[in-house]
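Pasting the structures here.
In the two complexes below, chain A is the common chain; its partner is chain B in one and chain C in the other.
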Partner chain A sequence: MKHILPVIFAVLTVALIAAGSVHQSSTAPASTPEGAVQSMFNNVKARNWGGAYSYVAGSSNVDQQDFQRDLQGRYSSLRTYSQLENVDTRVLHENDNEALVRTELKYSTAVGASYDTRDLKVTKDEGAWKVNWQTEKEASVPPQVIPVNYLRWDVIWRGQGDDWGAQNVDGPRIRILSANYAERDGAVIVMGEVVNEDTVPAFVSVGAYLVDKNGQDVAFESSFDKMSHVLLPKEVSPYRIDFPGQKLSNLKSVRMKPDSMLVPASADPVIGVLHQHIEKDAKGRTVLKGELLNESGQTVNIPHVLATFYDDNNQVIWVSDGYADHALLPQTPQPFAVDLRDDLAAKVHSYRVTANQYSLNRED
Partner chain B sequence: MRKLAFITLIVLTCWFAADSARAAEIRISQNATAGQPLSIGTGGSGDGTLYLVGPGQVIKRSIKLGNDVQIKGEELRSAGRWIAIIRSGSSSESSVFWVKPGAAESMSFLARPSRVPVAERNVISGMVFVFDKSRNLVLQPTPVNFSLAVNGSGAAHTVTSRNGLAWIDAGSGPKEGAAQFVATVGGTSVRRVVQQVASQPCNLRMHVSQRMKDQMVVETDPIRDCTGNAVPDGTIVTFTESEKNSKSTVDARIKKGVARAVLPASSNATISVASGIVLGNELHAGGGE
Partner chain C sequence: MSSPTIVSSRYASPSSRSIPLTWILLLALAVHGPLLLMQLPNSTYDANLHKFLASNYAQHWFNPWNEKQFTGFSQTTYPPLEHQWIALFSHLMGLNLAYMLVQFIAILLLPIGVYRYARIWISERAASYAAVASVLLGSLAFLVYNAGQLSTTLAAPLYLNALPYLYEWSREGKGRALLKGLALTFAAAAAHHTTLIFGSVLFALPVAATAIIDRNRDGVDASTAGVVSRAAIFAVLAIAGIGIVLLPFWIALYHNPIKQMPIPHASRNNYLTSIEWGLNYWILPWGAMMLALPYIFVRGFKEKRFVPLFLGFWLTMIFGLGGTTPLPKLLMGRLYEIVTFERFNFWATLIALPFVGLLVMQLIDRYGRKAVVALSVLAALTMSMAVAWPMYHPTHDAKFDVREIASFLNRDGHDKYRYVTLGFGADKMDELSILTNASSVDGDYNSARLLPEMTAYGAGQLTNSKYYGVNGMEALRAILKHADQYGLKYIFVRDIYYEPLLAFAGWRKTEVYDRGAVSLWVKEGIPPAHPTDFGVKPTATEGLLWGTLPFGSSLLAMFLVIAFPDRKRMSETIEFPVVTSEQPVLREAR
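The block that comes next holds the complex of A and B.
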């Protein structure tokens, strides 16, 4: 009798281990087009590139390395720092041997979610559905020398041993050009533009206090990535500050708090924003599209686009931004798209797009 | 006779008491100056201890009562209110005296700002705090000379300090460059640099400098402010090419005095240029400029 309990527990343990070990293979043949896409991206999520590649049709003419680079990103772009979070699939049409599956991919990144929509052709190959994967054609830059001799600003600050009256370098002069307020989606939005009026680069932040009807400050927020923080001389940046849960009707005023600091900076790189236009995307949303052109010689790893929208009176009515998940290679156009609220689209009279950048091999 | 002896005893007692009372008498000059030697006279006899307590400073000295005590100039550093205390046995005597600052020998010169646009009035301020050798604020009126010059040409003014402070407001000159802002007190000069920089661009103009099949190069004329100074390299100049349904923008940087941008070629576009809040001319590309 005293051996019964240990024997039962031993058997139970072995049974549970066996049950845990038995699971469906991650590379099991897909019986449906959607299943093939889902299985492939489940392997991508798990970073099982070999498993994911097993769902790619041989006719795709893509090797595993290119396939992996396509999904994983390259040149230290935003995609390389992201993780596939969610995959939504929808069969657009299907017959016995072929199907078209719309796949909406959601990546999580340090700067928020990044979305990618692909219409994937799925074909039946020896009884199993496989995905025809078309790699993105990423232009390679031909070997060349691009002379870059833009200005660089370095700063020497006052030393520790200097007399208390000794001179220091002053912070840059900045000015808020405009400020406008709106209430959208249950939040008070403060937006406008700020300019660096000085002849030196500035690290700029714009904050705002909401003041209630009793004259008390009720909230403070500052613009994080809805503005360009490093402004070169005479550079204008939009800013947008969101106050979730606040109502304009409860407020008496808004007090702006711009701050600036002198920082070392480089005038390089120059990024042109070409062919900007507003259109409807495949989902019917209003977007501002265009191309970024890196006119310099170094790769920009994470391009950031800021769009300022103005009404008939030239007032800023919206500021939106977007990160491109591909790196910006020198002299190579790269498409971008930034959302515009549908309810504001009709009021937009003009817009201005600027490109911000984050690069790994730059000290500033 | 007894009465006479009694009176004599009282007089002797009073005399002894009076002598004891002035045992620690202190005599100090009211013209004591920081950094200068000071002689302190004492009365009485016997040994005693002299304490001098001043602003941030205490001096202790064993003395012979009745002799003068010499305090060296380097010991008497702080100007202000001092107390001299002599202790002898169980009695003590104290006296308050004032030490004046010495002659002006150094200064702290605050010049603001470090960078200023050209041709603006009262934008530069200089403030001098006058100190003696021991860093005491010199309260006596002292002439301070301020000079502000770019490349040797400029102006100088002499201001008399009040309560240790002399200041001046000055306008920036019409030419850019490193203005030498010098303050002089006695034989001591301190130099600060105020960088006079170009103001806003003035009369910003551009032209198409090169046309290619798919793109064109637009370039500004040399960019200067309204007093003819070159706007610094690195300043942002925005070129905008507006077509019927799209537009392109390039935030170019001034390089060697001009800004240049490559824009897509167009058969019908308007090109505008701006720097900060200053707008330049417009061009029409395709249909003749």
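The block that comes next holds the complex of A and C.
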């Protein structure tokens, strides 16, 4: 036993390590279409670009650099602030040599979770399944001069010793234009529009208290990123405030709490919204699609789309938003899509899309 | 066929005698003293957390409610012994040096504990080698100079010092041994809860089993039932005493059991597939001791009384492999997602030291000075690699100064509001917490947090949100959404990754610090912070217990050990002549 037991424990140790470590090579040839897609994106997750590229079919005519740029993003877009976190695949159809795989990608980004759905064509190449990767074509804009003639407001503060945000001027006049509420998916939602009625730019936030039937405040939430916080004079922004876990039947009223302060701002960059239309996406969900056009001469790194949906009475019935994961290059249209609840689609009479933005090196 | 020959030594060379404990402690002073005086552990992963917890005791010894993180949390969620000692010393030498002093005390206790623990199984001489090895242990250097796990490095030696008394009490029924063993056990429990729950069991079971095997050894004549019943009495009294000494801890745990989502930790990785973490958590802590593994496996079964020690070692070693084997997950269930596994390697190397002591003794007997030189080089390399590792594998970004930020928070009533740091890292967040009076929504010690926005997501500190993926960013979004409720007005950003979210959510950049590396983002319209409803504040009685019993247990242990010293041996063990099958080599005299 003195000799056998050490051997048994040594073997047991090795066996336990093997049991925890045995797994398929990250670049082993894929035997199924789903396997090819999964393996490719698993390598993307691990930032093993060479490994991921080994699953791209030669017929894709894409080199590794372009493939990597597609997945990593560029121009400090939201994609460059992203890390792929989860991949779900489903084969839509398949034959001996070809398949279409629906791939749902979940990214962790600088603004929260981001989802992307791609239908990828997968082909059999020398006995192994490989992904046909179509690179995103980038429109090239001819050299040109963009005149800068936008409005800009600067503010001179009292002095460096001021407390932050303490201003010796009244906040700009803002007004809640409309407020509507609904109960959706176990949450009370307050939505509407707010306008800057002043002649100076305003930094605006909108909060709301839910008041129960005894007149007590039961919850407070703010619009967070579901509004444009910087409003130029006369500019209107939608807002949406979600109260998870609340029920309309328990409430008596809603008390709005708009806040504003004077801030420096500029009208640049101007982002135009083109070709807006409602349609069904590949998964059968109702979406509002269109294109964003950066009319300025500087790159907008992270565009944020806010869509306001109105019914026949011109009342706000839904506010939806979404971040585009591509940067807006000057004068280059970029597609966008935001969700619209299927149950509201029939009630939508009109809609309005505004674009908010974050750009590096821009102070206002 | 040659018969075994007895080679008698006419003269006992210095290398064939046990090394006096005083020399070993001087070695610890020589090796660790300069490193601690240089305050190397200051930049370790957890050092600032311990200093932060200690700073609260320095100001409010009997009030464990700390409002500086998590909008307020109870420090009764973390055993306080080392923090209270740091707090005490800090009045004399400041927090940083006080931390180093307590760490040094822990390091000094380790060779004493290892020596006494090893003596249960091996000779004085081999135990002295084990004690020397403990000073140069890679896993100790890793925890002290890389991880900053003061609690683990203090609790383990206290248990190692306590357990020989369990052995003595179980076999011989000596009351003094029981008292001293219990007092040291209470002090060890007051130092670290994880070591109490896992380490103490892994250390103690081999001792208890060996006491049964040794019931008739060295002139003792005890029955199995007697040994078992005395060990059981020790266990029952230890559990009851720990229950009392850490009563506020258990009350806090009862009120707020750990229900949060598991937080990822690299020590749960598979070290073979994640080589970087395998190097960090396994190869460096083990160092040259890896070479001793085959010997340990063989020696562990050579004698019956070594088997419990080997089994304890083997299980701890497997746990130290983290996610490399499926066993920890199978045995621990949900606990697997809460515990981190780097400390198991420290424990495994400690349990292995009696075997290492034996191996060293055999090598020196066989190869003399050559063995001494080779072993010294291996030990020095192991220690120096583990100490130097943070230089090659930094766990933090480059150092930066948070005093300017603390100054902002401490002036003009800014501390009426709460703040959060993003991209600072946990250690700098803790340092800022020490320096400022303001309260943060974020916090470092995961098990203390109760804010629902944080416990609902499997992410650690908000300051490190991006490293926890969607869970981290969703937790951050949830907290920012409730900025009004928490009075969260100021956000200090040291990573532009977080700026888009702040900009879209209504914060504005207003100031920069550290030559633009840190920016301050402010949100207007936020009401001043008020106490939150999360967590149960310890009562005044709990505060009194917390301020007296854990610290008192360490004073009691010191008193008992000093007032009732162990009887010194009147004779020194002389090694029996080595039995060898080799014929003596006869050489011509020249």
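By our rule, the second predicted complex is superposed on the first by the 326 of 364 C-alpha atoms of A that agree within 3 Å, B and C clash if a C-alpha of one lies under 4 Å from a C-alpha of the other, contacts with A are read in each partner's own complex, and residues count from 1 in each chain.
In this section, a residue touches a chain if its C-beta (ideal position, glycine included) is under 8 Å from a C-beta of that chain, and two chains touch if they have at least 3 such contacts.
Because the structure is a prediction, the values reported are computed rather than measured.
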{"item": "First, second, both or neither for A:Asp259, with chain B first and chain C second", "value": "second"}
{"item": "Which superposed partner A:Val145 touches (first chain B, second chain C, both, neither)", "value": "neither"}
{"item": "First (chain B), second (chain C), both or neither touched by A:His304", "value": "second"}
{"item": "Partner chain(s) touched by A:Ala282 [first = chain B, second = chain C, both, neither]", "value": "neither"}
{"item": "Contacts of A:Ile156 with chain B and chain C, given as first, second, both or neither", "value": "neither"}
{"item": "Chain B and chain C contact sites that coincide on chain A, given as residue numbers", "value": "163-165"}
{"item": "Chain A contact footprint on chain B (complex, rising order)", "value": "107-115, 129, 192-193, 197-198, 201, 232-238, 245-253, 255, 261-264, 275-278"}
{"item": "Chain B partner contacts - residues on chain A that touch it in the complex", "value": "149-151, 153, 163-165, 167-170, 177, 195-201, 232-236, 267, 270-277, 290, 295, 352-355"}
{"item": "Complex contacts: residues of chain C adjacent to chain A", "value": "270, 272-273, 294, 297-298, 300-302, 310, 314, 318, 321, 323-327, 412-414, 466, 469-470, 472-474, 477, 480-485, 496-501, 503-506, 508-511, 520, 522-525"}
{"item": "Chain A residues within the chain C interface of the complex", "value": "1-2, 5-6, 9-10, 13, 16-17, 19-21, 23, 78, 81, 83, 85, 106, 108-113, 163-165, 203, 205, 207, 220-225, 229, 257, 259, 261, 263, 301-302, 304, 356, 358, 360, 363"}
